[in-house]
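These notes open a run of structures that come right after.
Shared between the two complexes below is chain A, which has chain B as its partner in the first and chain C in the second.
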Partner chain A sequence: MNAPRKFLLFIPAETQRSRRAIVIAYYLVFIAFAIWLLWLRGPARYARLLPMTYFWASMLGGLSFTGPVRLFSRWQRKFQDGSAWGIDGSRPHPYLAGRPLIQPIDRLDEHDIAMRDRAHYLAYSTLRWPAIAAALFAPLILMDSSPERVAHILFLISVPVAALFFSLPQAIILWTEPDVEPDPQESSPQTAVHTVS
Partner chain B sequence: MSNGGSSTNGSVPLYNRIAVLRAERGLSRQDLADALDVNYQTIGFLERGDYNPSLTLAFALSRYFGLPIEAIFSPEPFRPLSEQVYGHGRSSSGESQ
Partner chain C sequence: MRRTTVFGYNMARQSARRRLVIAVYAFLVVLLVAGWLLDHLRTTGYYIYFAGYLISYLVLGGYGSSGLIKPFTGKPPRTQPMPKSLIELELRYSGALGSPDPEEYRNDERELARRDRVHYQAYQGIIVLLAVIWFIAMWEQHPPRFLPAGLLPILLYLVVLPAILLAITLPQAILLWTEPDLDSDPQEENAPAALHSTR
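And now, the complex of A and B:
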């Protein structure tokens, strides 16, 4: 039986190469989004940015409770109601579908948790330096600015930084997750990608 | 048998016989993962020595295979089973007879 191909952001995610392509595509669009912010003005447009930031950050699964991007998991078959964990292009997110979320954190085994923690450590230990630098230098830059300009610059900084804080751990997992070699004992071939959280 | 490479949880390399024990019993990674309630990919990481299990998981593996933990995991590379059973490797078997 041929399992359906799985996609993340409309890109097939079976191999490490394609997963890395997803990360590159994601951050290219991210840079375009950050540049677009430069032209943004007015409170109404700023307000629209907040749900957009949430949407942007959750594209790689960064806002889900499960944390890691589980590309190879078969655990969704244990969900009796058929709910899945994330946005993988073919299954509705459990929140959006109105289905009960069945303690997804319990679905991570110890290796998943170790991988999640390592990715978050790597991401946040990298991001802390630009974040600290921005916090220290922002007052110097904004000292003589008008309130409107201050608000604009703070939005310019905070929205991409928020999205980056949410997405980077997931991007690290996507980037580093190796391909699974075929199991000789497996009678039917393993399907590479099953769920993305 | 794992090559005991650097593990993703940053601890010292640990060698194991999970792949051999699984093959002996004709189990797939998914079968073993279901029995231990872990992800099947985790079994692959264990077999390659990319991940060192917790004591809980090590004891679960020990119980499942009915073997002591030191028969499954070792800080030193395992000798080949043939060498352990017959006392010598293939090259020296002629000398021992």
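And now, the complex of A and C:
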């Protein structure tokens, strides 16, 4: 994953240490924000957090091209010509001419695809356990509840579930990706030049 | 895939596996409709969830030692599967049969790549369902005029239950649907011919 290595457009994510720090900070800030909304602003404001889970997760990349993880799939954006939402990247709409909104991005290589698929498998198999636990213990809580109460509890749970579902593959990629060793071929010519000079 | 039969039916052909996937989802839909007619899925919803889990575990496999698909983890089961005959049971008690062969459950590179890919594809499908749940949950907090307010909790429940059932079964279903016909082992095919030729 060699393409944009920035979080929130300016925080560098070049080393594994910084990437792991980003993952921890991301979840801590999200949890704090959700608790603040729920307790201080009420359920109506908490409801607004649900669509925000997607946009929060897209800050990590994967779902969008502005994040440390490269874009996962081509349905969000075509890889070959860099176009987006039907606007050709090489020949943008006259309205967008001169604006660097659309930049062609590299096609995912085999390693990127394998890493993406593996992260999704790990995320899926991890999220199965809360689903199984919820189904096992839900009858104890919800059996005698009214449909309104069931819907309310489902809604409260849906925010953390959506947040985890959207962000976990990116978090796994950021957490597990090792530091890239500098290419010895790139460094050796410089030393050769130094030794000759 | 580890096994090629389900309830005695041969699943080596892709068409047979596709019929099985259709049958599984048709069965779950029938259960959902029956549950809705019985008690609006209030109690039966949980039983349908367990039915989906049992189908995933016993028929489809992947997340257990049973079923058509090898365990995704590649690990053999801790406990031995049920013996198929009394002779096997007796051999097991006498110690003649050992523990399950780990090689039988180990996934090769192609199987691991397929496993990861189908989970990625299933993830995309579940995201679409999650978006539907979004809208309904948002509507529940701010009910629109064109929908009766009492309908939204029921609608939310009606989407969440199939979403959980799909989340349990979708990767295995995609794998069974897309896996090509299994070729029979050429050594097995050649063996009778070799026997005939020696005679």
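Definition applied: the second predicted complex is superposed on the first by the 112 of 197 C-alpha atoms of A that agree within 3 Å, B and C clash if a C-alpha of one lies under 4 Å from a C-alpha of the other, contacts with A are read in each partner's own complex, and residues count from 1 in each chain.
Keep this in mind: a residue touches a chain if its C-beta (ideal position, glycine included) is under 8 Å from a C-beta of that chain, and two chains touch if they have at least 3 such contacts.
Everything numeric here is computed off the predicted structure, so don't read it as measured data.
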{"item": "First (chain B), second (chain C), both or neither touched by A:Leu154", "value": "second"}
{"item": "Partner chain in contact with A:Ala138 - chain B first, chain C second, else both or neither", "value": "second"}
{"item": "Residue contacts on chain A - larger count, chain B or chain C", "value": "C"}
{"item": "First, second, both or neither for A:Arg118, with chain B first and chain C second", "value": "both"}
{"item": "Partner chain(s) touched by A:Asp109 [first = chain B, second = chain C, both, neither]", "value": "first"}
{"item": "First, second, both or neither for A:Phe165, with chain B first and chain C second", "value": "second"}
{"item": "Common interface residues of chain A - those touching chain B in one complex and chain C in the other", "value": "72-73, 114, 118"}
{"item": "Residue ranges of chain C touching chain A (in the complex, touch as defined)", "value": "42-43, 46, 49-50, 53, 63, 72, 113, 115-117, 119-120, 122-124, 126-127, 130, 133-134, 137-138, 140-142, 152-154, 156-157, 160, 164, 167-168, 171"}
{"item": "For the chain A and chain C complex, residues of the former touching the latter", "value": "43-44, 47, 50-51, 72-73, 114, 116-118, 120-121, 123-125, 127-128, 131-132, 135, 138-139, 143, 147-148, 150-151, 154-155, 158, 162, 165-166, 169"}
{"item": "Chain B-touching residues of chain A, taken from the complex the two chains share", "value": "70, 72-75, 109-112, 114-115, 118, 180-181, 183-187, 190"}
{"item": "Chain B - residues contacting chain A, complex", "value": "8-10, 22-23, 26-31, 37-42, 44-46, 51, 53-54, 56-57"}
